[in-house]
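Naming follows writing order (A, B, C and D), and every chain is counted from residue 1.
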Amino acid sequence: MREDYIVNTEERELDFVNVFELEQEAASCIPKSGYDYIRGGAGDEWTLRQNIAAFNNKGLAPHVLSGVTDPDTRMSLFGVDLTAPIVMPPIAGHGLAHGKREAATTEGVKNFGTMMSLSSYASTSFEDALNGKTDPYFFQLYMSKDDEKNKEIMDEAIENGAKALILTADATTNGNREADIHNGFTYPFGMPIVERYLEGTGEGQSLTAIYAQSKQRIDAKDVDFMASYSGLPVIVKGIQRPEDALKAIGAGASGVWVSNHGGRQLDGGPASIDMLPDISRAVEKKVPILFDSGIRRGHHIFKAIASGADVVGIGRPVLYGLAMGGAKGVESVLSYFKRELEMVMQLAGAETVEDIKNTTLVNHIPHV
Amino acid sequence: MREDYIVNTEERELDFVNVFELEQEAASCIPKSGYDYIRGGAGDEWTLRQNIAAFNNKGLAPHVLSGVTDPDTRMSLFGVDLTAPIVMPPIAGHGLAHGKREAATTEGVKNFGTMMSLSSYASTSFEDALNGKTDPYFFQLYMSKDDEKNKEIMDEAIENGAKALILTADATTNGNREADIHNGFTYPFGMPIVERYLEGTGEGQSLTAIYAQSKQRIDAKDVDFMASYSGLPVIVKGIQRPEDALKAIGAGASGVWVSNHGGRQLDGGPASIDMLPDISRAVEKKVPILFDSGIRRGHHIFKAIASGADVVGIGRPVLYGLAMGGAKGVESVLSYFKRELEMVMQLAGAETVEDIKNTTLVNHIPHV
Amino acid sequence: MREDYIVNTEERELDFVNVFELEQEAASCIPKSGYDYIRGGAGDEWTLRQNIAAFNNKGLAPHVLSGVTDPDTRMSLFGVDLTAPIVMPPIAGHGLAHGKREAATTEGVKNFGTMMSLSSYASTSFEDALNGKTDPYFFQLYMSKDDEKNKEIMDEAIENGAKALILTADATTNGNREADIHNGFTYPFGMPIVERYLEGTGEGQSLTAIYAQSKQRIDAKDVDFMASYSGLPVIVKGIQRPEDALKAIGAGASGVWVSNHGGRQLDGGPASIDMLPDISRAVEKKVPILFDSGIRRGHHIFKAIASGADVVGIGRPVLYGLAMGGAKGVESVLSYFKRELEMVMQLAGAETVEDIKNTTLVNHIPHV
Amino acid sequence: MREDYIVNTEERELDFVNVFELEQEAASCIPKSGYDYIRGGAGDEWTLRQNIAAFNNKGLAPHVLSGVTDPDTRMSLFGVDLTAPIVMPPIAGHGLAHGKREAATTEGVKNFGTMMSLSSYASTSFEDALNGKTDPYFFQLYMSKDDEKNKEIMDEAIENGAKALILTADATTNGNREADIHNGFTYPFGMPIVERYLEGTGEGQSLTAIYAQSKQRIDAKDVDFMASYSGLPVIVKGIQRPEDALKAIGAGASGVWVSNHGGRQLDGGPASIDMLPDISRAVEKKVPILFDSGIRRGHHIFKAIASGADVVGIGRPVLYGLAMGGAKGVESVLSYFKRELEMVMQLAGAETVEDIKNTTLVNHIPHV
């Protein structure tokens, strides 16, 4: 770890009103280059902003007289019971946010009661990230150009009890994240999991350089390879078109993850939530749909599920929680979203996640 | 009443140009925590802002050569003659605004010539609120979990001459009103009407705590219970979907009140006026439609009625009037809206409220 | 004239880049209460702003290779040849802007080569306004409640050579012009033409007071009365609905003037240009269509004509020209619009006003 | 060259993050009147802004699992191989930006590996502009009113090896570029190519004056004349309507250039990219489509090609590069766009320019 990159190591519960305010607070807790890396998006950040704004145009009119009194957010995914339809998505380098790195995230996620996703660009090894336990987790693979290395990594993921593998399909090169260019951002630490295929550890390298050392040519065969070799469910992440969802399923995917990488890869694309309904219709419930990009409110979770998602991922806000309070901060943020979702379910008249799926949204043009 | 919460006790007529300016003035007249409570909405206040902005996209093109010269705003509701299609909606805790509390509102509303709605979360008893008289009023019930208590409260409402009961259906828990969280808002006084089912008087309690002590599980059976027990017309308030309007009517409601609680409950929903036309078509004039959420202008009233409402409620502006001028202030604000409506009727070519109902609006996309 | 209302009396040609900048300059030339009166609109000024912004969403894609080289803006209206499809609309109280009042406007309009419209709320008599000559002009009538007075006024208009009468139908009461309320605006001079039916001269009276002394009950019979009595063509001004255009024509109107009074009467209505195409289709070229409300650019004139207008009125900008340069200022502003129109015709590929009428516009949603 | 107009003469590679920042930097490198001339648009600059903003509403959802690893931007135009689907469009007076004028642009464009377009309003002769070589270039003709002069100019273009001629059809007079009017902008140098038909050299003349000395009456016969006389392909530039594209092709055009002159001519028109799909459908691949107006990002290039363009022109950003770094600056800017395009192709799943053409965009309304 570079000496000039100093992060918080505190463990504490967080008290905050909304995650926009949390983001403001996190800005003074995380070193600038790391904060900008976490917060930023590609290009003009149009897609990043649209991801969030689009939820407002999915109008959620409440169902009243519905007799709801104690909303139940529980559901299960790939046989694992989750306390809420919220999972931790795979994110590189949690060490940018907190001294305990991925280990703190894993602990917070476990205490909250949901699924961790471990990125292959993690700033810790499997063992450290998982605290030596086999808590339920997904493992996300940025592939090596050498399939033997990929097998080695998958072996390690399996040994550590991964419930599924995630293939990130929307990041075969780096988006033009301009804040990182301005800051000359490089990782202040190495990446133990993919170190076996990097030149050096990754420390001091830009994300662009690291992507360049990973495999760029990702296609349907990679899905098949990962599924066949691992025997685990493979989730393809970064789906933005119905035909790609079907392609992934045809290639053996057991889940599709609708995402535009939080607006970090290809700017100028539509809001992720705007692509979800068509993808959901195409998938026809053959496999679960995970969704991320833009979730900042309880009603966003509700609307994503009402639009066809089974579960959502929440990235940046959880990293802010990690930065400010370690494992307890992670749990605080996830709990905040669960409380917001419960409030929305109560007000909207949905007692269960299944009720959310049966809720119709009102598309409308915003008034200005 | 907490000593640190000091309100105006003045009685005076108000002279103001529009209610946006009135809101600004009220901000320096009401203690900050009370002002924020009254003004604020849930979450990002998207729905609060949309409620108002949406009226602009309902284009009101005038009918000229219509021979109108003296518009008549009178109408009747549940057999009571009203000077204008404007009623006072039920609002908790008028004591936040003025020392004479609900009594001043009732007096101002009566002098103006329309219907008062008394909230069960009022800061005064029935007797005080109604000035010991049986002025025409509706009583709004936040139900106790114990139906015997509800019967007691309804008995008291009936004894005091209520013309109808209002069941608020969209507030089975508190919305995330973030200004209140920031301010640590609690009521500076008790709530005499529901004190019989609260722990303590309500003084020093947050709205969230008070909602939690009321009944959350509201369904169609509650409509039937209230109607059967009281023998009074029951109006279900907080309707935002056509199917819910029909559900309420099917359960015995004598009126539906289209409202999203002024954007105070579920943020991220559509503007209330945007849901009105479909609801009105579904209701097919079987029962009167009351409407609120976003009325700030005479043309808003006109457009709500042209979209299917029979009468509108105006909340925040009247509370500002109460805060600044007591009963006279209340009357000033209601009179302002009547004058604005008359001007709009004259210019739009509508001589009666019935003419308003027969006016077609032009939906259009705003130009930016 | 009140001593505290001091206007410019200068005569000069104006050099300005666009009328938005001209408006800024005029603000320091006209006394504040008069400037606000001229510039302002009703209510939130939504309609005033939409009137202008709406033109952008009528996309004018040029026709190239059209061989245009010397666009010809001439046309004729009611048998009078005009140098451009631009007329002076009727506006009250030119004395608010310049010491020579309507006389300067008439002179500037004549020198430019188009039609003057004289308001019955003019700040001068017929004789003074027309400089004792019978230049082509229209006379606009705000009717007295007493038809004998109306006959007297029409007699005087006829004697002075009016080519047509204008019945303003959209101003049967005053709009809520809030700047005027804030300023306590009253006319600093009398109104010689309607003085015969006012109490006093009009000096020191608000517009609301003056409207109240005029006839509010305007209907189809008034069109017939004016046409029958005068034998002149009658133009009904303030049409915003197709059915009203047909009503006016059915009652004997020889022209319809599509206008929302520049957003000064009923706020919350659509942009005037948005209503024009439907009205034009309904009128089916039976009578000429005059148009105003929002014209600030050459392409606005082009688009109004391409949307069905025969000629446009330009109000506020001409008054600013009057204020700053008297008759020469008026001519400068009208000439500016003619030059802008010629430029647009040349670039858009329209050689004549007829070519403009045959140009199709592209409706599109603005990008933000 | 006027002594008071002092430009940069430096040669250097440029390092910049995006062209919006480059524009900011260029503002302090180019004399104000020249910068305003280059940056500015007509009228309110609505069309200029829409040109850029419109690209966001053409949603580019990525195709993943597409196996792309090394995007290939090469294509050919009129038999000339280009390194990317980007050409230099014709722009007057490069001497406004840099001391080496068009010569530096030509060199930078050649080094990048694409096509130069030389404007007849260039600030240098053919010889100087082309560095005495016959690099591939197009020659753009602003016609003289005297066809003999046009023949002379075309002869010279042919002698210097022009691959095609460009007829600019959308500039038969000057747009109302208000910044130029405010600045009293005149060219600080002469225009050697068209000097043969100007009074004087052009130095000290406004663009309006220069346009007035060129031919205004441009029609289909001019296309035929240029094609017949020169034997070269003629590209008609400034097409904004499908019927005009067909008219040009019918008159002998070998290419159509969809453009609204970067919003510099007719303000109030649609974004150029919004007109492209219909034009492309009409052209049915009979001739190549060139496109410009609003390209500032790699995804803009991608979207233009996906909307029917074969190649795009990039004007202002290249001029900023010229201003700041001469030939090397030009090459830096073009290389930036190539890199951005490659990144977008990689992320969007398009390996070749043909793949881009086969990509479907998602039209959507922006969320605000």
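One rule holds in what follows: a residue touches a chain if its C-beta (ideal position, glycine included) is under 8 Å from a C-beta of that chain, and two chains touch if they have at least 3 such contacts.
Small disclaimer: the values here were computed from a predicted structure and weren't measured.
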Touch-network distance, subunit A to subunit C, counted in steps: 2
Homomeric contact subunit B-subunit C: same or different residue positions, threshold half: different
Angle, in degrees to the nearest 5, of the Cα rotation that carries subunit A onto subunit D: 90
Distance-maximising chain from subunit B - centres being C-alpha averages: D
Computed distance of Cα centres, subunit D from subunit C, in Å: 42
For subunit B paired with subunit D, centre-to-centre distance based on mean C-alpha positions, whole Å: 60
Touching two or more other chains - residue numbers and ranges from subunit D: 56, 365-366, 368
Of all residues in subunit C, those that touch subunit B in their complex: 43-44, 46, 50, 53-54, 56-57, 169-176, 178, 181-182, 216-220, 222-223, 236, 238-241, 243-244, 247-248, 251, 260, 265-271, 274-275, 365-366, 368
Touching residues on subunit D, where the partner in the complex is subunit A: 17-18, 55-56, 58-70, 297-300, 303, 340, 343-344, 346-348, 362, 364-368
